[in-house]
Structures are given as structure tokens and as C-alpha cells.
Amino acid sequence: MNPALREKLTTAPVAGLSAQLRKRGLEGVFIDGVRPLAPGQSFVGTARTLRFLPLREDLFTEYGGGYNAQKRTFDAVEEGEVLVIEARGEKGSATLGDVLAIRAHARGAAAIVTDGGVRDAEAVAAVGIPVFSAGAHPAVLGRKHVPWDADLAIACGGATVQPGDILVGDADGVIVIPPALAEEVADDALAQEDEDGWIAARVAEGHPIQGLFPMNAEWRAKYDAEQSTP
Amino acid sequence: MNPALREKLTTAPVAGLSAQLRKRGLEGVFIDGVRPLAPGQSFVGTARTLRFLPLREDLFTEYGGGYNAQKRTFDAVEEGEVLVIEARGEKGSATLGDVLAIRAHARGAAAIVTDGGVRDAEAVAAVGIPVFSAGAHPAVLGRKHVPWDADLAIACGGATVQPGDILVGDADGVIVIPPALAEEVADDALAQEDEDGWIAARVAEGHPIQGLFPMNAEWRAKYDAEQSTP
Amino acid sequence: MNPALREKLTTAPVAGLSAQLRKRGLEGVFIDGVRPLAPGQSFVGTARTLRFLPLREDLFTEYGGGYNAQKRTFDAVEEGEVLVIEARGEKGSATLGDVLAIRAHARGAAAIVTDGGVRDAEAVAAVGIPVFSAGAHPAVLGRKHVPWDADLAIACGGATVQPGDILVGDADGVIVIPPALAEEVADDALAQEDEDGWIAARVAEGHPIQGLFPMNAEWRAKYDAEQSTP
Amino acid sequence: MNPALREKLTTAPVAGLSAQLRKRGLEGVFIDGVRPLAPGQSFVGTARTLRFLPLREDLFTEYGGGYNAQKRTFDAVEEGEVLVIEARGEKGSATLGDVLAIRAHARGAAAIVTDGGVRDAEAVAAVGIPVFSAGAHPAVLGRKHVPWDADLAIACGGATVQPGDILVGDADGVIVIPPALAEEVADDALAQEDEDGWIAARVAEGHPIQGLFPMNAEWRAKYDAEQSTP
Amino acid sequence: MNPALREKLTTAPVAGLSAQLRKRGLEGVFIDGVRPLAPGQSFVGTARTLRFLPLREDLFTEYGGGYNAQKRTFDAVEEGEVLVIEARGEKGSATLGDVLAIRAHARGAAAIVTDGGVRDAEAVAAVGIPVFSAGAHPAVLGRKHVPWDADLAIACGGATVQPGDILVGDADGVIVIPPALAEEVADDALAQEDEDGWIAARVAEGHPIQGLFPMNAEWRAKYDAEQSTP
Amino acid sequence: MNPALREKLTTAPVAGLSAQLRKRGLEGVFIDGVRPLAPGQSFVGTARTLRFLPLREDLFTEYGGGYNAQKRTFDAVEEGEVLVIEARGEKGSATLGDVLAIRAHARGAAAIVTDGGVRDAEAVAAVGIPVFSAGAHPAVLGRKHVPWDADLAIACGGATVQPGDILVGDADGVIVIPPALAEEVADDALAQEDEDGWIAARVAEGHPIQGLFPMNAEWRAKYDAEQSTP
């Protein structure tokens, strides 16, 4: 992602970006049920995916231990990427702990998003990389999962994520932006943000919603006039 | 609501008020599943209601946009009122954002209660009006709802709310008080609060629960004696 | 519990203890769905159990009021014990309030764990005893429960708890440790904690997961060498 | 509804009708979570609505007994109408029993649809009117509801139903059709049904899906040829 | 239970019995979420209870195998009793199979009620004893449970059941009747059943609900007159 | 699969097979939440997998229509295979209809298993191929899914299924058997079935569970004697 786009996506709120996606017919873009481990965390990045499958003891024996798909992916994540984990919304185990969070952070990853749990959650929160998850759970992943494969399209929190999709997260949640739309969505979201901020100021002054939100011709004329004033 | 009653209801904890309602046979009075956006928020007010219905694309086209039922209600809410939204517990979209929260605040509303989501949740929390909701979600309401009508009895968080009902919220949750009962419920809750505070102090001193909570004759005599002491 | 064991269990994270239990074939040891009322709370103690049954009006009349099973148990809890309540995960009422929390604290209890709600939650959080619960709810227990019996094996948060079992809770959650295993589990968790801390430091330096987590012979040799160095 | 339209809607499967609604951009039209009490029941009719609100003891006292909103609506339902009840998906009580089902049947109602329960379910199933519900429950409605109002837009099974909307139900479920679209949706569903039936016959003969479903030019030519052959 | 009472309770529908319990203030009497394995099954009996706790591997090793609490209880159930199992609504394993169902049947038990699963469900359904459960599941109980104790008050399907309580089940569901109320509840339910049957016949003739259900003075006079006519 | 193994697996009940898997340490083998469309259906086959991802409008446009992954897989399924679909337990749309069921049947597939819905469910049930699903829903798959890829390991009903795994379904549910274990699991299940049948006959004669289930030395001697008798 080029730095200018990253900057715009960092400035635009997730709520505003999602409204622009909706205008383009995209509503299935929300990774729901995840929250940041530490309040105030937000991020922008491109997706690197990792898929867990439900625990099956024979498969765990073969694929669960050692340098498994999970660990290989944390070693492979690159600068600016968001490591996204499909864990089927399972809250009864963790999908990562502090050592792996430190590794992702050291690799320069932008964030970790999992619709499963996190263990040693306080230690993970302290690492410094934003981690959005379904919550804390002390169990290792083997209680519920087999780490399986990476770098394919996955389902996370009810949304499909392809490798390379752009993910943006803040206090409202996490959304997925198809890369080809990111530039225009960001631009339009920032423009709308300016407009909404101006409207909010008018409403705070006591003006009614009617005619102002959305703006009628009269209000828009005032807005445009102010915008053009240096 | 007269200021004296408002003052009493502000002082009494929701837990204590609900216990008094239970004594009068009312248990279906809890708006469950909602939490304040900012810790420590509490409120007292009378209900103004707003009802959302499930998204149906044809109805959204007709009723969803422009100066819809939602916006009209935020323009109409009056000082001291609590704007209560029926959103069927749907967490997959917002039911309001910061502009509308600012409008309700500017109108002098006491609070907003919704069993749906809130977008731009950090901005909404910063407005200053208490907002109790099912959580943050970045999507606009049209992902899940059609804003429909107002000022009728609704279901919110599993409780029926009529326009004019008294709502009280604190860290424990939100309850609905039939207006005719509010005065006596508030008085009795405050009296019980005094008594429970005295009991709590005795328990903190090491006295057992037995005979003290509830008080037997001996303990009550001591309590009454202290109360009458200036 | 002897002070040395208590100290070890206090130092070891719940995540680390649960990993040791798993190595011994125990996975059904998590009290899920409970969180501390105040952030940062943690505890170690032995279980004293209390069981609630679903509200049945005739039984509540007979057993719900006065010096019931709940109150008797809070009067009976002893120093270092964790009062554990089976409430079937029911979130629609409280299972205790501030007076009882004060009593447990005055008795020297280590913590209270309930898979039901807590009323006057802010007051309870201020008492000083760690309370892990399914959340705040203002209703008294009689809305959903009859307090029934104590000192028998119960189900809490999906785990079986016997009187005398060791419970440990922190930000990750609460686990149940069979007393006979506690010493070795604590020792091994602390040893593993040292090792994982050392690994974390190496990962923070930029070393990959591969070969290091878990350690191969080369890394282990380095680790062992450092350990033996004063 | 004119008899010709009713006939078409009776012949077309709900699955086919819903596909036509989707082509016109309508997907929020499914009353989910309801099943017929007796296997094989299906229906077509126009909606008459009834709304229940959550039990609140004071309101039940005032509005729950006697000739309440529920009973008035069953007395008022007219021939060919479907009585649709909003019960918030609550399965813990009934929303009607056999006496009311008999009344609706005697009035000539086409069906009853409720996202709540039915009591005396075997007796209700024997009445002869199709009843689609969330299942059987022996409790009277007052355990969970206050019967409230009628003839307004409601939410049932996750779909918005306006009075006068057309409802069609079969083994697949129940859908809501905006009246203005009913004719064309029915016509196109029947045409598609013919086509799909012809395709199904070809597939049964062993032809692959590829090129046939949907039909390519070659297959369509054959289909058209057969259609024009008397 | 004396045969006359058993006969009355067999004749009265569960819906009618529950309405009489409600008149006496009892609503927490429904074992919800259970259905008969074979359609048309119904039963009357007194409760013998059995409690399962969540799987904990150490406890299963000690208590799960051999002649465990489950098997002892099936050997002990007596004629006319209903074996009621607390399984916490867990659907991911069975709580009995055909051998134990045959044993209960051979002992003369009236029914088995479990809020968990049943394995070999077709074979169990063929045994001839009514079995109400949360559904079929092939896994043995050890996947989710430790069979624990018997003959104590338990929670089943959201209701408290004491040993000796009367249970009645039919297509609507299962209810719990305190023994001391059974006679009057049965008598009043049968009387109401007569009255409702007469009302149903009038409604089938085309009379409106208004004034008839419940009956006004005029209708009651007609009803009473017919009743007194031989 | 060789015919002899298929025959054994067809004869052995799923409950018995799952007990043998458990003896070998495998419990994560249940595809839960699926039921046959027609009562009495059962099957044995090897898995061919198909994966759906959550609806994302841009991806549906690109991959959802025409000869998509779903249709390609139904054209490719081979004799004796079970087509298994990952639909994330989503019940709000179908994952197949009658045309595709006919195709699978024509190809000689042994069954279809989906943890999503089925449309035209009555027509599908009439095709003759066993279909186990989460239930009927009239919507086409595009309401909730994008058909994505095939022939990789998937999650279905909470179990991991690899291409080539053996699946067996009957009234109790569906299980996954690793191919390498199938022969011994089938043999042992059939042997256990004989034994359990003999035990069931003894219990039906009135013998207690104690000592018989499992058999003590005395009972086993009798059993062995009878077995060896021609």
C-alpha cells in the first residue's frame, strides 16, 4: 500500500469508510465480534490469511505441533500486513499468545485480527501491535483447533478476506476493503467526514436535523461558501 | 418529571429501584443487553420511543432515506426525555451516530437507549449525553433496519416501554418504572438504601449475615436507635 | 493451601497453568464466560461451592427468603476460599450484591466466582475482593433462581468444581486445578514461564519462531548455558 | 387477491417466488424460524397483523385479559387473510391455542403465522387451517407477552410485514411479497419453474450441469423448440 | 401416585394443567427444549433424578466408567417413576442409549426425560417407553459429561425438579407439578377442558370470541343449562 | 472403498462406530446440527468437499454466477462419494436445490451433507439421494454465500473433513472416519453391536445393569458360551 493511501485510511473512520463501501453496493465487509485488546487501538494494512480447522485428534497429532501452519505464517508475515485468522468464532481457546504477537510485531505487521481467542492477553496487549479478537482465553489452540493452511481466502467474523485485501480497524470494528476501491473510498470518506463535521458543528449550535443532515440546497450553499473561503 | 422526583431517582441505585418494583409484582422491567458507551454514565428521564423494523429493500427505498422517522424523532425529543429505540437486539448495524447524538444532547435529552448498535462510538461517547447500547458497529442503519415510527409502545432489550414511562440507568443496567409508581418506589428505595448501607457497615465490622440481613428484632432496634439519634 | 504453593500459583499465569494441565490430559477445567468486575483482579484459592436452581415459585417461597443457602454459605466461607456459585450461566438476575461481597471479604475469602450476575456491581467492585461473574444485572436473585444447597460438586461456566478444588483466576479467565496436581503444575508452569520469557526476548530481538519456539537443540543449549550462568 | 393470482401463487413454490424477488433486489422477505404444525401445509393470503409486547405485569393486568387485542384480531380476520403475529421469536409460551385457531378457520382465514409458540398444538394442527410457528409450548401467552395492537407493520421471524402484504408458505418457509410485485413475480416464477423442470429432466437423464443450468444457447434452442411443439 | 390421580393427569392436556398452575402463581414449571423421540408419546409419573456434571477428565476416570451413577439410577428407578436427567442442555453427546432405556422400561418406569441427547435413538424409540430429550446424538456421555449423583433436586430444561415431583408430558412439552397441588390442578384442568371444548364447538359453529371466550353471563347460562341436562 | 468395508459400515450404527473412534482417542468427528431431509435415510461414502465463503458482493459478482465452484463440484462428484459442503452453519439460505441433487444422484454419489440449508426441500427429498442438512430455506445461496473452492479440507458442522475421509450417517447423525481406521473400527463396532444386542436381550428379560453392562466374568462366560454354540 502506498504511504499516501495508508495515511488517508488511517485518518478516515471505519464508519465513514463502510458508508462509502455501501454506496458501491458492498455490505458483506464487516469482521464482526472482534474488539481490540487495548482500548484505542486502530490499524490499516493488507491481509495475510491463516486458517484453523476444528480439532480432530488424528490431524492435530500430524499437523498441530512443531513448526505448524500458525508458526510458519507468523514467521512469514511482512511489514504492513495484517495477519487474519479464521477460527470460526470459537471462544473456547486461544489462537495466539505473546511470543507470536512479539514475532508479528518484530516483522512489522500492522495488526492481528482473529475471530478466536488470545491467551496471555495482558502480555499480548503490552506488545504494542494492535490485536483484535473475540476475547481472552487461557487455553492453547489445540483445545479447539488444528492450524491448517495460509494464504487462501478465509471467513473471519462473518466476512470473506482474501490475501491482499485491505483491512482497517478502529473502535467501531474492522472492515475489509477490496484494494481496487480503496483509493476512492478513502477520498470520499474523508470528504464526507469534513462535511459531517461541519454539520455536527451546526447541530451542536442548535440547528435541527431537518434540511441539514443531509443538507438541502440552502445549507449546502453555506457549506460550499465556507469551504471556498480561505 | 418534577425535580424532586428526578433527584431521588438519580440518587437511588437501579438495583434498589428494581427491588422495590419486584415488591410490587413487577419483574418485566429490565432493558437487558445494553451498556453505557462511557463508563460511569447514568441517567433518569421519561421515554420517547422510536421503532425500527427489519430491512426490507422496498420499504427502505420508500421510508429509509431523507428526513426519516429516526431523524424526525431526534429533532422532536424534548428536555429530560430518554430516546428509546427498538432495534430487536440486532448488533450488525448502528442505530445512530454522532450527529444525532449531538442533536439529542442539544435538545436537552437525558439519554439515548438502543438495543442495537452505535457508529462512530468514540465520537458519540464524547458528546456528553449518556448512550446505552448493544455496542459499537460501523454500519449505517440501512444494513439491517428501516426506521419506521415513533411514540408508540415498543420492545427494547426484552422490556416493554411506553412513551412517558420513566427510565433509569446506571452501571447495573436500565429499568422501566411506571410513572404512577415512581414516587413511592424512589422513596422506598432510598430508605432501603440507608438501611442496607448501615447493614453493610456492620458486616464490614465482622458481623455475620445471620440475623442482620435481613435484620432481626435486635438489630432493627439498634438501627432504629441510631436513626433517631441526631 | 500452603503459602509456598499459593505463592507459586499467584506468580504463574492461568494460561501457563492450563497448558500444564493439558499436558496431563485435563482440558475440561475452564470456567468460561466470567470476567473480573474490576480490571487487573486475580486470585488463588480453594473452592467452596453454592448451587442455585431455576426459579420455581413454590420452592422460592419455602427456601428463597430469610437466612437461605446463599447467606449461610457467605457466613461460612473461610479464609483463602473461593466462593463458587452455579447459576447456569443465567444473566438475567444477580447472584450476589455488595453486602454479601463485604461478608466474604470480611471472612477472608480469596474471591467470588459466579456464572450468573452481580448487582450493585460498582459497589461490589469497590469492596476489594476479586469477583469474577457473567456481568452486572440489577435484579435480585429471586427473578431467576432459588438458592439451594452448598458444599457439593457443581457446574460453573462449563466446568465441574468440587469443594476443595484449587481455583486460579486472572485476566485470561479462571481454571480449576485438582489439588493433587497443583504443586507439580505450578512448578512446571513457572519453569515454562522462564523458558517462554527467554524465548520472547529472543523473538523480540528479531529471531524467527522456527527452531526457537519450541527450542531446537541449538537454542536449548544457549538457553541452558545462560540459565547456569549466575 | 384475485383468484387467478391466488392460483398462480399456490402453484409456484416459495423457493421460486423468492428467487424472483431477489432478481428485483428484495432479500429481506423471509419469515425465518417457523415451521408448519402439520407436514405438507402450505398457503397463500394477505397479511393481517397482530403485535405482542414483552410481559410487563402492570400492562398485562390492564391489557392482557378479557377481550384483548389478540382476541379482537382473531374475531376480525377476514376470508383469505393470513393472521401474522409478532412474538419476537420467543419460544417460552404460546401465542394461540385451539379455540382461536378454530375462530380464524371459521372466519375463512388462509393461515396463521407466528414467530412464537402454539399450545394444544395437536388440537390446533387438527383444525385444518395451516399454522406456521416456532413450535409447541404449553404456557398461555401471559407468561411472556402482553397482546398489544393490530393492523400496523410488524417484525415476524426477521421480516417486516405490512397489513395487506402477500404471504406465501410451504415446506421451505414463508415469504412476504409486496402486493404490487405479486403478479409479475408469480408469472416469472411459474415460467422459471417450467424451465427448471425441463432442466431437471435433462439432468436426470445424465446430462451435466455445465451449459445446461443455466442454459447455454444450444440447450435453450432445444428447450424453446420443445416448448413450441404442441 | 394413586391410580385415580394418574388417570386424571393422563386425560388432562399439559397445556390445561399449566394454566391451572399459573392460576396458583407457578410459572417456573416448564422443562423446555425437549421433545418425544416418537410422535404421540405422553406420560405421567413421579420424578427420580439423576445429575450429570461437565466432563473433567480426572473425574471421569474416577467416576465415569463401570457401574456409575447413571447405571445405578437406571437399576433403581421404580414403577411409575420418570427418570429425569440434568444434562445442562448439552446436545453434543448422548445421556442414554437403548440398553438403559430397556432397563427403565423393564423396571416399569413411566418415562425418561433428559435435556441432553439420546444415542441409538431409533432403537430407543422402539423400546416403548416415552423418552423426551434434546435430540439424537451418537456420542457416548463421556464426550461431555461425568455421571455424578442421584435423588437430589436438579435443573432440567430450565425447571427445578425435586425427587417425587409429578411430571406430565405430551406433544406440547413437559411440566412439573408439586405433588400437593396435583389433585386440584388435575380436577380444575379437566373442568376447564370441558368448558373449553364446549366453547370450541360454539366457535366452530361461527360464534365470535367476544363474550364467549371467556364466557359472559349469557353464554355461561347456556353452558350451565346444557351441563345440567342429562 | 471396497464393497466389504462399505457393507460393514452400512450395517454398523453410527453410535457404535463413534464409540470405537473414541476408544482410539478421536472425539472431534461429529458433523453436528444436520438431519436427513427424509426420515430413515442413512449412507456411507468418501468425502468430496466444497467450501462456501460469506457473501461479499464484489466476489459474488465475480465468482457466484454461471458455472461456479458449486456447480463444477456437483458435476465432478463420483460414484460412492459424499459431497460435503462447508456453509458455516448458516441457516438463512440454501446451499443446493433439486437440480443439483438430481445431478449428484445421477453421478452415483452416496449422499450430500451440508451444514447450510436446502431449497425445494420436498423435491430434493424425493430425488432419492440422502441429504443431511441444517434444514429447509427457500433462498438461493447468493443471499449468504459465495461458492468458492473444492477438494480441500473443510469444517462442516464443527468437524474437519478431508477429501477421502469416510463419512457415515444415520438417524443419530453423521461421523467422519479416518480411512486408515475404517476397517478396524467397523469390525469392532459390529462385534460390540452383537454383544450389546445380547446384553439388551438379557436386560429386556429383567436382569439388572449391574454386572451385565459392561459384563462381568460370569455374564461374559455365558455370552461366550452362547456365541460358540452353533
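Letters are used for the chains, namely A, B, C, D, E and F, taken in the order the chains are written, and counting of residues starts over at 1 for each.
To be clear about the criterion, a residue touches a chain if its C-beta (ideal position, glycine included) is under 8 Å from a C-beta of that chain, and two chains touch if they have at least 3 such contacts.
Keep in mind it's a predicted model, so treat the numbers as computed, not measured.
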Partner chains that chain D and chain F have in common: E
Contact-graph separation of chain A and chain E, given in steps at minimum: 2
Supply the minimal count of touching-chain steps required to go from chain C to chain D. 2
For copies chain A and chain C, work out whether under half or over half of the interface numbers are shared, and give different or same accordingly. different
Quick one: report the Å distance separating chain E from chain F, using the average Cα coordinate of each chain. 32
Per the C-alpha means, the centres of chain B and chain F lie apart by a whole-Å value of 49
Averaging only over C-alpha atoms, locate the centres of chain B and chain E and give their separation in whole Å. 39
Residue numbers in chain B touching 2 or more other chains? 27
Chain pairs that touch, by label, are A-B, A-C, A-F, B-C, B-D, C-E, D-E, D-F, E-F
Could you pull out which chain F residues touch chain D in their complex? 66-67, 71-72, 74-75, 91-92, 94, 97-100, 102-103, 106, 119-123, 136-140, 142-143
Quick check: in the complex, which residue numbers of chain F touch chain A? 25-29, 53-59, 88, 146, 148-149, 152-155, 158-160, 162, 176, 178, 181
Considering the complex alone, what residue numbers of chain F touch chain E? 13-15, 17-19, 22, 27, 30, 32, 170-173, 175, 196, 199-200, 203-206, 208-211, 213-214
